[in-house]
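What follows are several structures.
Each of the next two complexes has subunit A plus one other chain: subunit B in the first, subunit C in the second.
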Partner chain A sequence: MNELIKKAASLLEANEVQVVIGYGLGSAKRPQAIFVTTPAGCEQLMFDNRCIQNLAVYLTKQEIRKLGKPAIVAPLPVLRSIVQLVAEQQLTEGDLVVLGIDPDGKLLEFSSFKAIESFLSDHKIVIEEKYLKKIEEIKNMPVGERFAYWVELLEPCFKCYACRAACPLCYCTRCTIENNQPQWIPVASHLQGNLEWHVMRAMHLAGRCTDCEACYHACPLGIPIHLLNKSLIQDLSESFGDYGPKISEPNMLSSFDPDDKESFIR
Partner chain B sequence: MSEFEPKIVAFVCNWCTYAGADLTGTSRIKYAQNVKIIRFPCTGRIDFMLLLKAFAEGADGIIVSGCHPNDCHYTSGNFHARRRWITFRSLLDFLGIDVRRIQFSWVSAAEGAKWAEIANTTVNNIRELGPYTDYAKVAVHLKKEAKV
Partner chain C sequence: MQTGNYSINEPSMSKLFDNLAEKGKTMYAPKNRGERILFQKVEKFGEIAGDYLLTANSAKEVVFPRYEKVFSYKKTQDGILINDPTGNPFPEVVLWGSRPCDAAAFIPMTNTFEKDYIDNLYVKRRKNLLVLSFSCNTCDEFCFCTSVNGGPGNTAGSDILFTRLQTGDFLAEIITEKGKKVVEENSSLFEASTAEGKEQSLAKVEPRFNQDEIQAKLQELFENPLWAEKSRACLGCGTCAYICPVCSCFDIQDEAHGSQGTRLRCWDSCGFSLFTLHTSGHNPRPDQGTRWRQRILHKFRYMPDKSKIAGCVGCGRCSRSCPAGINILDTVTAL
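And then the complex of A and B:
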């Protein structure tokens, strides 16, 4: 960790960046996002396996951008989000310094976004075994039972939009749910709106989601909404091939292959 | 009790299926009256949420139809739509929404007979499946409130 602190402090010292976005211990001794602006403040930086918040979410926030050029502490999920943001023209080369952390906790330096992309090609998105099992279990339910299962899970949702706020890829300044002339998706805490909100969230992230689980960790009710994204990742990779953030290729759902295969269109 | 008559909503593109359905009429081919057609500029314009809105409003089945691949008036709208339907269908299925009630098809402006056949078989399939209440039920509470 000393390496990370030293690197961050030297970047601030040299005024190469004006803020370091990283993890630090909060008041309850739990890791939280911190924004360090002085070299001395870098002492607070830390990283361990409890640091699961996706910091990439701050890169597109206006109030953070105002602080100046950032350096960001970036474990694998953050690196994936960064590459996806680059692919969507939300970040350009030179906008930020990436302090990568490899799965063993070692500090990584990248010369360009391309370098991150090629690093990620060795660290593909893999859905964990326990989730694969859960998805399989849900898929094997009879259709009515499956609907009842989701109705029960989604009914308590009160649409606090923490899932949206935590997601680095939900950066639209005006979300579809705010379209209210006419009200497109009912915003009341009610099943129809809840279902439509989560369907829309999953659809708008289809082909873009980098499986960081930030939505699930942010949910105050612990609703496993990330299962929707994971199930789509699985199905999309089966239908359209290699899944994962790529700078060199267009997004999966904003492109097509004339030979796309399906079995249900007559 | 009279036999159950399914309500079917058809989302079709202006250039192929709508013209195709027109041809069904001008060719004097009769087909099920249960199908309400909604015309869109292109299958690429059909927002996935519209399908759920139709179910919420009490549709028992849905037809989504447009130009055959390579025939899109806007070159690639139907290719984009196809990817979206593959994705959306898999999501709906995972959520337990009955995808047997959604019939996707390609019907060109020359295929009046195919349109009649698609409409008739969809109506028959849905008649066998019975009314679809699972999804409409979740919208009931909101409708009641709106009336007050």
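And then the complex of A and C:
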């Protein structure tokens, strides 16, 4: 941790960055996002396995961008989000300094976004066994039972949009749910509105989601909405192989090749 | 109004639940759902969660549903037909297992919906609601009811307040006429008693601030860097407002299908970027800092200025559930 604190402080000292986005202990002694603007303030920085909020979400927020160039404490899920944001032209080289944290808790320095991409090629997204089992179980349900399963899960949702707000890839300044002319998705949190919202969100993230689980951790009602995203990741891995954020390759679902082996494309 | 103390034992408690449910009342109580305990409809006493500090959601849905039909309309040859749901019968609801903070929240809520403008939807739901609360014998670091005129054994807003005594029986404090009626109709389950043993059975919730001082300070702090600072981590979701038992902002939405449709009022949150956004594109609250200020001012200045009742009951749900870990106490105690 000393390494991280030292590095962050030196970046602020040299005015290479104006803010460090990291984790610190809040008043209730639980880790939360902190925004450090002075070298001395870097003493508050910490990292352990309770630091599960995906800090990449702050990189596109106007309130944080106003603070100046950031350095960001970036464990694996944050690194993946950064690469995806780069692939989607939301970040450009020089916008930020990435203070990577490897799975053993060691500080990682990257010379470029490409270097992060290459680091991630050794740390691929793998859907955990317990989720694969769950997805398999859901997919094998008869259609009526499967529908009832999702109804039971999504009915309590009151649409606070914490899932959207916590997601680094939900950076649209005006979400489709906020358009009412025409109204694509009902605003009310009745069953139809809830199902449409979550299915739409999952589809919008298909091929982009980096499996950080921020949506699930953010949900105040504990709804495992990430099951939808995980299921899509699994489908895409099976169809296209090697799933994960990439700068050097086009997006899986929003690009096509006329020479594709599938004939329906022609 | 306090109309007497009784005692009731655990088996009778279950019987009381059954008696109320048998009368066709809709029972709401804390119940496990997935990974959380939520206030929701329950059919049987056995479904009620045994061990909970507070539910993840608040109980406000029983009087202020997350979406509610205001009216429906239909264009016909004879003109536009309007269907006003306030003419319909409203369900008799029993809220079972609310905490004193949950119950206290109905007081500011009623002020909002029954003071300047009489909101018939709310009036009818509130009138049909019976609130059977249970005192708290535990609390956590997010609880601060005692700083906002509440307490772990506070009776305000409840019709009956039950307190589990060290003997294992429950003290039943009858607070309202509605509560009295419950005892009269189920007299075999209750025994006359005193309030002895109540204080020893309650959680100790340390006061964290003085509400009057906060209200006074907030008269001056409209322009202050504190708002942006304390809300820096805010993600702009509606969690704090939606799980708050007092928050009652709503948004009007029309769901139209051809020549007919429904007008709904849906929960809204001051945390959203669309909140108070004008048609012109101007928003007087353009960022999370000004939105956070609105939240604090509304609860701790505007509401007490107007009606002498704070818009916060100290349940701590907002802080417990904030996906960015923002603790309302950090702001209030830093003023």
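In this section, the second predicted complex is superposed on the first by the 256 of 266 C-alpha atoms of A that agree within 3 Å, B and C clash if a C-alpha of one lies under 4 Å from a C-alpha of the other, contacts with A are read in each partner's own complex, and residues count from 1 in each chain.
By definition in this document, a contact is a pair of C-beta atoms (placed from the backbone, for glycine too) under 8 Å apart; a residue touches a chain by one contact, two chains touch by 3 or more.
If you're wondering where the values come from, they're calculated on a predicted model, not measured in any experiment.
K.L.:
By the touch definition at the top of the document, which applies to A:I127: first (subunit B), second (subunit C), both, or neither?
P.N.:
After superposing on A, A:I127 lies clear of both subunit B and subunit C.
K.L.:
Per the contact definition in the header, classify A:L232: touching subunit B only (first), subunit C only (second), both, or neither.
P.N.:
first
K.L.:
Would you sort A:C160 into first (subunit B), second (subunit C), both or neither based on which partner it touches?
P.N.:
Second partner only, subunit C.
K.L.:
Where does A:F264 make contact in the superposed view: on subunit B (first), on subunit C (second), on both, or on neither?
P.N.:
So A:F264 only meets subunit B here.
K.L.:
Report for A:I52: first if it touches subunit B alone, second if subunit C alone, otherwise both or neither.
P.N.:
Once the two structures are laid over each other on A, A:I52 reaches no partner at all.
K.L.:
Taking the superposition as given, does A:L221 touch the first partner, subunit B, the second, subunit C, both, or neither?
P.N.:
second
K.L.:
Kindly classify A:I185 by the partners it touches after superposition: subunit B alone (first), subunit C alone (second), both, or neither?
P.N.:
In the superposition, A:I185 touches subunit B alone.
K.L.:
Hey, what residues of subunit A end up touching subunit B and subunit C alike?
P.N.:
On subunit A, the overlap between the subunit B and subunit C contacts is residues 186, 188, 190, 193.
K.L.:
Provide the residue numbers of subunit C that touch subunit A in the complex, in ascending order.
P.N.:
That would be residues 33-36, 38, 40, 56-57, 66-67, 141-142, 228, 231-239, 241-243, 251, 253, 255, 264, 266-267, 269, 272-274, 287-289, 319, 321, 323-327, 329-330 of subunit C.
K.L.:
Sort out for me which residues of subunit B touch subunit A in the complex.
P.N.:
It is residues 48-49, 52, 56, 69-70, 76, 79-80, 82-99, 103-106, 118, 134-135, 138-139, 141-142 of subunit B that touch subunit A.
K.L.:
What residues of subunit A sit close enough to touch subunit C in their complex?
P.N.:
26-28, 30-35, 53, 57-58, 61-64, 153, 156, 158-162, 164-166, 173, 178, 180, 183, 186-190, 193, 214, 217-224
K.L.:
Given the complex with subunit B, which residues does subunit A contribute to the contact?
P.N.:
For subunit A paired with subunit B, touching residues are 135, 138-139, 141, 143-151, 184-186, 188, 190-193, 195-196, 199-200, 202-203, 206-207, 228, 231-232, 235-236, 239-240, 252-258, 260, 262, 264-266.
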